[in-house]
Amino acid sequence: MGDQELDVVFTASHPDDLEIGTGGTIAKLVKLGYRVGMLHMTDGEPTPRGTPEVRTAEARRAAEILGAQVCEMLRLVNRELMDCPESRYAVATFLRRYRPRILVGLAGRTPAASPDHYQAQLITEAARFYSQLTQWDDRFDDTQPFRIEHLVYRPVPFSAEITHFPSRFVVDISDTIEQKIAAVRCYESQFGGDRAERLQHYILSAAGMEGASAGFRYGETYALPRPVGVTDMIALLGDWKIPPPFPPGGRDSGSLGNPKRT
Amino acid sequence: MGDQELDVVFTASHPDDLEIGTGGTIAKLVKLGYRVGMLHMTDGEPTPRGTPEVRTAEARRAAEILGAQVCEMLRLVNRELMDCPESRYAVATFLRRYRPRILVGLAGRTPAASPDHYQAQLITEAARFYSQLTQWDDRFDDTQPFRIEHLVYRPVPFSAEITHFPSRFVVDISDTIEQKIAAVRCYESQFGGDRAERLQHYILSAAGMEGASAGFRYGETYALPRPVGVTDMIALLGDWKIPPPFPPGGRDSGSLGNPKRT
Amino acid sequence: MGDQELDVVFTASHPDDLEIGTGGTIAKLVKLGYRVGMLHMTDGEPTPRGTPEVRTAEARRAAEILGAQVCEMLRLVNRELMDCPESRYAVATFLRRYRPRILVGLAGRTPAASPDHYQAQLITEAARFYSQLTQWDDRFDDTQPFRIEHLVYRPVPFSAEITHFPSRFVVDISDTIEQKIAAVRCYESQFGGDRAERLQHYILSAAGMEGASAGFRYGETYALPRPVGVTDMIALLGDWKIPPPFPPGGRDSGSLGNPKRT
Amino acid sequence: MGDQELDVVFTASHPDDLEIGTGGTIAKLVKLGYRVGMLHMTDGEPTPRGTPEVRTAEARRAAEILGAQVCEMLRLVNRELMDCPESRYAVATFLRRYRPRILVGLAGRTPAASPDHYQAQLITEAARFYSQLTQWDDRFDDTQPFRIEHLVYRPVPFSAEITHFPSRFVVDISDTIEQKIAAVRCYESQFGGDRAERLQHYILSAAGMEGASAGFRYGETYALPRPVGVTDMIALLGDWKIPPPFPPGGRDSGSLGNPKRT
Amino acid sequence: MGDQELDVVFTASHPDDLEIGTGGTIAKLVKLGYRVGMLHMTDGEPTPRGTPEVRTAEARRAAEILGAQVCEMLRLVNRELMDCPESRYAVATFLRRYRPRILVGLAGRTPAASPDHYQAQLITEAARFYSQLTQWDDRFDDTQPFRIEHLVYRPVPFSAEITHFPSRFVVDISDTIEQKIAAVRCYESQFGGDRAERLQHYILSAAGMEGASAGFRYGETYALPRPVGVTDMIALLGDWKIPPPFPPGGRDSGSLGNPKRT
Amino acid sequence: MGDQELDVVFTASHPDDLEIGTGGTIAKLVKLGYRVGMLHMTDGEPTPRGTPEVRTAEARRAAEILGAQVCEMLRLVNRELMDCPESRYAVATFLRRYRPRILVGLAGRTPAASPDHYQAQLITEAARFYSQLTQWDDRFDDTQPFRIEHLVYRPVPFSAEITHFPSRFVVDISDTIEQKIAAVRCYESQFGGDRAERLQHYILSAAGMEGASAGFRYGETYALPRPVGVTDMIALLGDWKIPPPFPPGGRDSGSLGNPKRT
């Protein structure tokens, strides 16, 4: 994997965060012909059954299953990830090297879990800004400034912050849900025993419910820090149709047959 | 089914609304030994393949599967349900006859579907208030005033209003999910062909995701118009444990094994 | 103007509501080749200097300036507009006749102005649902049922409800702002004297500010009752770029030159 | 006070924060037979009339009045409390030593007062997560990892963040309000002169209003980062009844007599 | 009491709603020299121990205690109050007769109590709009159109809608709290026995807590549908000071003495 | 410019932030006779066409145009501004020297731009608190403790946090909009070429729209962390009138002529 430019980069704090949260979309984008990168800010270690080497290998296999062209792992400190200039430099240097048009990060506080997740969001936002800064190239390994056109959020599950985002959309991952599950399964050091089954149950439920919100069988929800700008409203809506909320899937009782979805 | 008192009454606008939204909880409450009633405000007709008689029979079978002791159907007008004194009297008369301790109604606007759903919420709220009114017994078929101790909401899917509720809780329906699906399947006039499959996919996804928010395999979410009042905070939390939000199901990377849930 | 099908229909309570709120988008859609209809639910009368005839003529001229293929006016009662079955039938009959793919209505309460605005939102939501109902064709002037694929909201200015919508987008009206202003000017019976100037000042400010939120010179904001469903996230974002929030328009102090927008 | 396990631990930044915010609940839990710990992260000094020694003595007397089995004071820096690994280690070490089932912390930003309050919330959330981490025992004074089952928030007064919490509940402190006030009075170095009276007025008003929201004479409000998970909805509601909101306390005009509360 | 103009009018659905919600402010405004009117939309009957005559007399005594120059009672139907043209005409006719500069109504849904409260809010909003309508004088008893400059809300207790309002303020009622309580006590037919005591406890708690949010001993909270417009920001803030949120009343630990409030 | 006391101090991270956000209000306050200070926390450098010297000179000229009596620039690090004790000391020392009654800072996260903006908000809030601390004078250059009576926020454009603030108000800057634009134009090193025009377009649009929300031709929006406390509600509202929301500027169709505004 070389220093070629990417269309989209996904960032998160720990290996397996991206696969669980955004795996279906990564695979979908690759399938559509885009070049996608994944950046794990830490190696996620120590854990009871993992080592940095094992974790790295798992991450690589997962990225291969999803088809991501680039997958790298920074060595920021797991469990102690903090938004500070050094973390921002590290992520921004990656971004300036691969020059993606779109940057996707997980968003939302996880007060009942690791504080790393929210710090990773702050680092991601700042790193996007740092990517375009001039005059400081020496702080970024002499890479050139680059303006990333979009910041996209993947809200963490049950995020209270979701109402803060002015625009949400759902990516149809009906045909990549299998890849997503296979990618998560690579993390054998993390999800052994009945955990694998429980996690798969969660992933299918979440993707089914998020998909239902937009009328897809399986979906992943994203959000933007701004309302989408469009020239043609009708093109924006494409061939998507608003699904009925209750009962989802439509009812026969007084409405036309449910329109087919391709 | 006679005029015996009930512990809980569930109300909604159309037959099948309650089964889809609250079927798992109805079956669970019955299993725990409570007496449960269901009230459909309309017969849900006309529909392309239904008749009032068919719909009534379907509703009765569904209630039997769930084990509800009482299931009645008012003849308010489907598609034109409006919150007005007459609708309130009709529902309140039912409530004064069965004197439940708890009243559960669907809540939230469904702007992309039938306006009946929101009107049913307004009627339910008002009917609970009307149940306790004195001096007007003649308007309620000479039933006696009765104060219903609780109003509980079942938020409709994707409800924007959900952040308005000060308190939400999730009922574990892991062992009644099958009954819920079987009850919904009774509505053959409404969910024929691939609709049945699509609806089941939705129900499993929604119950899986709502369950995950509280750490259950399958769950149904409810809300209260007030914060819960408790004497013993520890008893409130019971043997429930806050589940990790990300990745749901727990991870092996640096935490103790996931506690067993019974 | 005949009974041909339309791509989009815009509805509001009073003549001039649509021109002020959505005029730029109507003109834009027409320019892009779509067929657009406008429905005023009332004639907006009585007013001090208007008559039903004058108002009708003004509405017709405004629609011509915007290029709308269809513009009709129902005779529901101004100032007393209420969401009820009759209002819903009237609007739905129009919709079933023109069979638009997309329905756009104003949304949000206006407690400091006419209650008609919010009632029009409720009527519009219900009329979309009524459009698809079977078995009741006689209530809709024997038109055929039709499922409108999208409900789109145009939030009223300063709407508190705007955070309820899961997805917002902004239409670039930089090249139709003049048409919008010209259309509003047709309502001479309503905006005489210094009102015309004050209203134009407001329209330019609002369109400038809403445009700025998405990086356009002038824009109009819309919202959806659901997150947008997409297959290709990158196609959704198109050639749009997230604009810097502060200071809008970009700063020279440490960032690359502001990307050109076409 | 030894290294015995506790049922609940309450944490806050300064001595007197817990007494003012959660004193009634601490006393109530002790009365119910639970073992309760209090952790002050700083000694709250310097202040005009206090010293670390005085403050420590005051805190000890307050804890005795409330009946808390454990009360400790860390020496993190007052006024400069920051969420960082060191602060997290210090709090987590306390938690791993006492192994409480439930952790309660104050939540919400206090932009018009000390920034320490919000930092203490962040530290508390992270320390709960750190408590369960394996492989790093040396950073926690060789204590063993321990999973705390619950994170409970006590929202600070007038907190804008309160709508973020999916579930709130109110503890009935009608019979411990006197202990709460007595515990706050221990802080003579802080609340001398007419301050003592003003603070007592505030405490009675807040407890009266929070109690009213759930139908108690005096109450303290708490929140959870997740919806409560329950098996039996009716058991959750216990013998609590939803109180009428307006006018609180019930009215005689058309309703049954207000139900007795025990 | 004649047809003289008023400065402010307060409206609500039932006699005693205004006294409980806004009594302190009414008395305060009268004390400051303003002319204040009260409008009860219904007589609040039937109730177990009241009659229309008793209720009217109680309302009159309460208004005298508060010092309101005008107090009238419409005969809209208690328990069945609905927002409809007739209700709007009735309230607007009162407003056009007394031509107040400011209109104050209760706001927010009370789903656990009477639906009349929310309907009264809708009627009040619409009636303010109707007051200024031209051409329809015959519908308003031949009164003249009049534009009321302000719509002010008094949020009902525990109102979920409170975050919708762009601007809130608290009126200092420290010196009229006694009048408020005395006015509520006039409703002997409604608040007999231990209800009187419970209601007084609630009123003192609510006024103490709302006052504390702005630094007063007792206060009543109001809200506006728009941000306040000001010429002089410093004059707006007057001699008011932001109170410390935690612990309210100020602490001695590191801050200057609490500023005196006059 | 000496060490005289100020009425108001405005703080922000970079030179030009305050002019763009609050320039109209600064000029207005000066015009009304108040003494106003501006504090830039960094020099905003490096930038492609700026130097610290150039930036300082630009800031000075801008302050002169606005009439601010004091304008200073701290040397905290641009692009790396972090809320930490040192930053707080630096800002608080300025505040203790000038002892303003009111402190105004920008508020809200800007995830699509510099992270400095949000850090500046945190620093400002903490510095206000630090200003009043006793016993630590040596950390503040031996200045005396001072309690700043008010913390006022200027929300950043499109801020998601705006619904968190309990009270918003709009300052009428109709007669200082020219000064605001002239002050921004001083930053030639930042806004050259067509940027100057684009920025002016934004400023006029934003001020026009924010003004419209309160009925002014041009306005700037502010927010408070608490509801405003008032003695006289009518004095608070002053001669301001609530403007109609739709269509802004009023309509002739059924309402009295729009009231004059001076």
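The chains carry the letters A, B, C, D, E and F, assigned in the order they are written, with residues numbered from 1 in each.
We adopt the following convention: contacts are C-beta pairs under 8 Å (C-beta built on N, C-alpha and C of every residue); 3 or more make two chains touch, one makes a residue touch a chain.
Model, not experiment: these values are computed from the prediction.
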To reach subunit F from subunit B by way of touching chains, what is the minimum number of steps?
2
Neighbouring chains shared between subunit D and subunit F, ordered by label
A, E
So which chains count as neighbours of both subunit A and subunit B?
C, D
I'd like to know which pair from A-C, C-E or A-B copies the D-F interface, where a copy means over half of the contact pairs are the same by residue number.
C-E
Among the chains, which has its CA centre at the largest distance from subunit B's?
F
Can you compute the centre-to-centre distance for subunit B and subunit D, using the mean CA position of each chain? Integer Å is fine.
34
Set of subunit E residues in contact with two or more other chains
46-48, 79, 112-114, 133-135, 151, 158, 163, 166, 213, 225-226, 242-243, 245, 254
So the complete set of touching chain pairs is A-B, A-C, A-D, A-F, B-C, B-D, B-E, C-E, C-F, D-E, D-F, E-F
Provide the residue numbers of subunit C that touch subunit F in the complex, in ascending order.
14, 16-17, 20-21, 44-50, 78-79, 106, 110, 112-114, 117, 156-158, 163, 189-192, 195, 198-199, 201-202, 204-209, 211-213, 217, 242-254, 258
Once bound in the complex, which stretches of subunit B touch subunit D?
7-8, 25, 28-29, 32, 34, 101-102, 132-135, 145-147, 149-152, 163, 166-172, 213-216, 219, 221-222, 224-238, 240-243, 245, 254-256, 259
Across the complex, what residues on subunit F touch subunit A?
46-48, 79-80, 82, 111-115, 158, 160-161
Can you name the residues of subunit D that touch subunit A in the complex?
83-85, 88, 122, 125-126, 128-130, 133-136, 151, 164-166, 225-226
